[in-house]
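Letters A, B, C and D mark the chains as written, and numbering starts fresh at 1 in each.
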């Protein structure tokens, strides 16, 4: 297909975990009612509720991350409210204004490697309250964060707890974008479980698309009374699949026998090997990220050499003209691919070039 | 699974055509770039362009019908424009206000078995122009129709041509919702081809979800200059899949060796048999519909008897208290299912009950 | 100025009641804080609360009718809700889609001379509830009516009470557009007072622009807890005047010593005389309307003759090609103007022409 | 009325220039058609066209600044476009999200005393174009600036010319918010005339509310073909006054015999005196601003002393805990008020307190 080089550009470059492909085949001719009202969807919801330790949670399956964010944010906010987010957040930059199309301002706070701290949220709210003109301003109504973040970093349980406390004291909803949640849950450094998220957040989603599914994200709303008529809201946002079971089947597989976390672990082991190789070969990590995304800073010559054999993502230009690129592993990354990559990394090693 | 009865409730109750399932398995581990920029998507686009006789057309893959309608209508209309539609149209009733969420009014014209005629559109526009207050009113900017309609009826080539002429003379875009287009294209009574649609419309979509795909709709814009930046517009509407190839693969299969039309024919042959059986057994069709949807009017006793063995869709209550129900066939309807249904229809025949 | 003929085209063709002009002059150099937080605004609010017999009501001053409707409807409805309105309602036709821009569908019910009955609303809601697909449809969330209606007709207290009862039993808000409310309150046939409106509605507005003010509408929300942060909502809709006192001053004048109702009475006495003259001279009223708007049906020759001397509004064409026109009186209509009009009506009388 | 102290809180604390009050009285009983189609509106438009040296310009009268900004930005931008603005811009902070309600993101650039430079806009656009993910981002479609800015500063003709050049080369619209434009035009330091704005911008508005009118802003669109159907767009935004002449009359007065610039000059002379007094008495200006807004930094004791006798606006807290406050002069500021203020300033002088 398209990739002749070693492909580490993203975690969505293959189809789906083979077990999902199998299950789609096995269930293909079963007949079921539409729009996620079928038994497999219900079974998948039940598995997720169990994993979240939250028997009463509402679980809804949507198609993609931008759609999910826009739908949830629109469902939770009043018309005069905005959403606080790190300025590096997906909704702040890379959703083509989908939140604004829903009528809501994204209120940004400068990020620290993709994260914002409880104190920064508290300071924002305090400044808002104290501003004598705040009735002319967008009222913060919720906090959006990603776990892991766009920088591959993790919020600790302590940090999430503090954010949750600030949100509750300031009457803000806390919403977590878990597009890559498997790569947090499967990470040794992670100490925040699904149960913690269900306890600390008002809504979050468990990412499928980047974590082994073909497509699909599972929204968890621990207190279902929070969003009445979410089915209709989904329909209105074009987020309701006629063949909803397609999503149910996938999450049913992903939450059977711990597959979701296992997928995370596979990717993280691969990432770990690559990181060690990078370090030993003299590459410079742009910053530390413990999950499946690895960010390295390359000079032009390094970039040119490496990009002939490896496909990665452009991340950003640095102030001194170097390039930060991202390598991502996934459930589909094989030992053989990792070996080949390490070989290339060794050949192109900055150490060798000096 | 969920259906213990004979299931004729809809054309989206199974998974996908087996060839699609096979192809998803075969391509699963291939690596490709995201967001529909891969080679399979491009191959599928090329097949669709060929089928439409329109080498320069833009072809985009979206996820579902409501999303597609909302995205296209928003992309084509100016903020002060609305969309003319039959009052029975999907966007008028069953999309939970998705068009209004985009800021546009649906301007309804009374339908005739799901259709609106060119003269009715012309009359609407004339009345608008002549209304001295029309600057205070929503300006019609496009016409939305479905082929086949929600009533299973078809626009003839003549009717489509007339609508196209009115639209062009009135500077309205003509947009066709082809959620069930396979069941028009495969129909003996149909004389409007994909090439005709590409010639007569400004945009239309070829339905996948209800025509053999797991999910997905292919938008065709014969003149790509009509909508610049459609990629970003899709993103903004949450309509851009990271694993866009999932849609490309399906349409590549559907447009290989005429599968899409063949799917339509299979369903229509089954529908034809059922219609003949209904007629011979004394059932009353609510109205004539030549495609894969069959509408019958049932008294309460008939309804109760039939609904014990067959699953169908509620359509509407008649003025005299009877119920109109819908049976739908699809690519997945087997001879055996049709035989069983005919047996049930014979047993429950109104003739027998008198 | 523009009108060389006798001008009965509308009730907004002059400036403002002279007492308002005087007061604007007297208060001109007083200094006050902005955005409606000044003392005169507060005094005007208090007068309106008293007139409505509702000491706790929130009263807000907005600029025009379309803006007020759009702001209130947006403030009251959830994203998935629509507003039931007569198909003749101002929001249905003549607000250029302002409600849809706010994301809400106008759910129309056929009008009876501008009105809808409680039973029709109940029937709409019942049909919605019973529709098995209603989760795919826009949920009715409020009822919009006008008092008097666009046809110059009035809801009786009995009719309003019934509408209120249906709304409360169906959990719909009841909102009354009172753009011409003075012409209801001043009408002999009217039996619904401001106090009744405050008791029966969730929100309504007291029209200024068409009832003696330069501009401005006063929204009354009997239970202020219903819409928190309405100040910010107004700002967001561009409905907050920096010099808010301009509106407060006008409503302070209008609600001093019963001026608002007196304005209505003046206009209605003029309308009454004109109606009597029309009847005696053989003109045909298009329908009965007891308020300040008079609708007459004219043949082309009658239309041409009358329109040379009188300026009126086009209303609609009848099926048999005649024209319905509207004459409107207002606070500014003088005895002399009425005399002149009656003279012209006599000269052009259909009786004379036969 | 409300202000017992010396009121320098804003430039919208009185009614309107006395000539406007007079004219409203004189024209009050003239009858005219609605919605700004009358002769006085047309005369006012013609005066503005002449002042702008732009005979073909479209001129529209709207009610307030937020409404005007939201309407123009919505009219000019495509759905996928956003507006570049200084982060201190009115639309960025103090319009309660009105731009986002219209579906558009405000793309902020750090301000320099309220201004952004052409190079910063160019750099933003360049970075956008070079970002490989820019199709997932909001495309910049226009630049919004204020003249004078929210900091009372001015763009020079040179700066405006450069901004215009960047905008034209990058296909961005240039839009200028002239809420306080009189205080730029009347300023000695200003070298950008109305004719320059008409030549360099795609749209701008001449502020009335803060420059001597009761309310109202005049939008100038040098090339009317740029925004077809603006009348309907205004209606849709609730920005169309039934008694549109109220705005026309005011701008007719303001643009007769140079009143608009004269108003600016009056305010600026007062501001100049106050600035000189502040300097001589040892007050610290927060920053230099040549127009009618004066910003001073006060310690707590200074603040408390001064605020007992003078009403001013809170602007912001400084990092070291002092307070920046704003004094504003206007057309209504009298010599006597200035004298009194200078007396108070002398009494409370920081020099005296040491």
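Just so we're on the same page, contacts are C-beta pairs under 8 Å (C-beta built on N, C-alpha and C of every residue); 3 or more make two chains touch, one makes a residue touch a chain.
Keep in mind that what you see is a predicted model, and the values were worked out from it rather than measured.
Chemist: Identify the chains in contact with subunit C as well as subunit D, in label order.
Modeler: A, B
Chemist: More C-beta pairs touching across which pair, B-D or A-D?
Modeler: Of B-D and A-D, more C-beta pairs in contact link A-D.
Chemist: Please work out the Cα centroid separation of subunit A and subunit B, and write it as a whole number of Å.
Modeler: 34
Chemist: Where the CA atoms of subunit B average out and where those of subunit D average out, how many Å apart are those spots?
Modeler: Taking the mean C-alpha position of each chain, the two centres sit 51 Å apart.
Chemist: Could you please state the distance in Å, as a whole number, between where the Cα atoms of subunit A are centred and where those of subunit D are centred?
Modeler: About 42 Å separates the centre of subunit A from that of subunit D.
Chemist: For subunit B, give me the residues that contact two or more of the other chains.
Modeler: Each of 79-80, 95-97, 101, 103, 135-137, 232-233, 235-236 in subunit B touches at least two other chains.
Chemist: Quick check: in the complex, which residue numbers of subunit A touch subunit B?
Modeler: Within the complex, subunit A touches subunit B at residues 1-3, 7, 9-10, 12-16, 18, 21, 24-25, 27-34, 38-40, 63-68, 70-71, 95-98, 101, 209-210, 214-215, 232-233, 235-243, 245-246, 332.
Chemist: List the residues on subunit A that touch subunit D in their complex, please.
Modeler: Touching subunit D: residues 79-80, 82, 93-97, 100-101, 103-106, 132-133, 135-138, 314 of subunit A.
Chemist: Which residues, counting only subunit C, touch subunit A once they are in their complex?
Modeler: By the definition above, subunit C touches subunit A via 74-75, 78-80, 103, 135-137, 139, 229, 231-233, 235-236.
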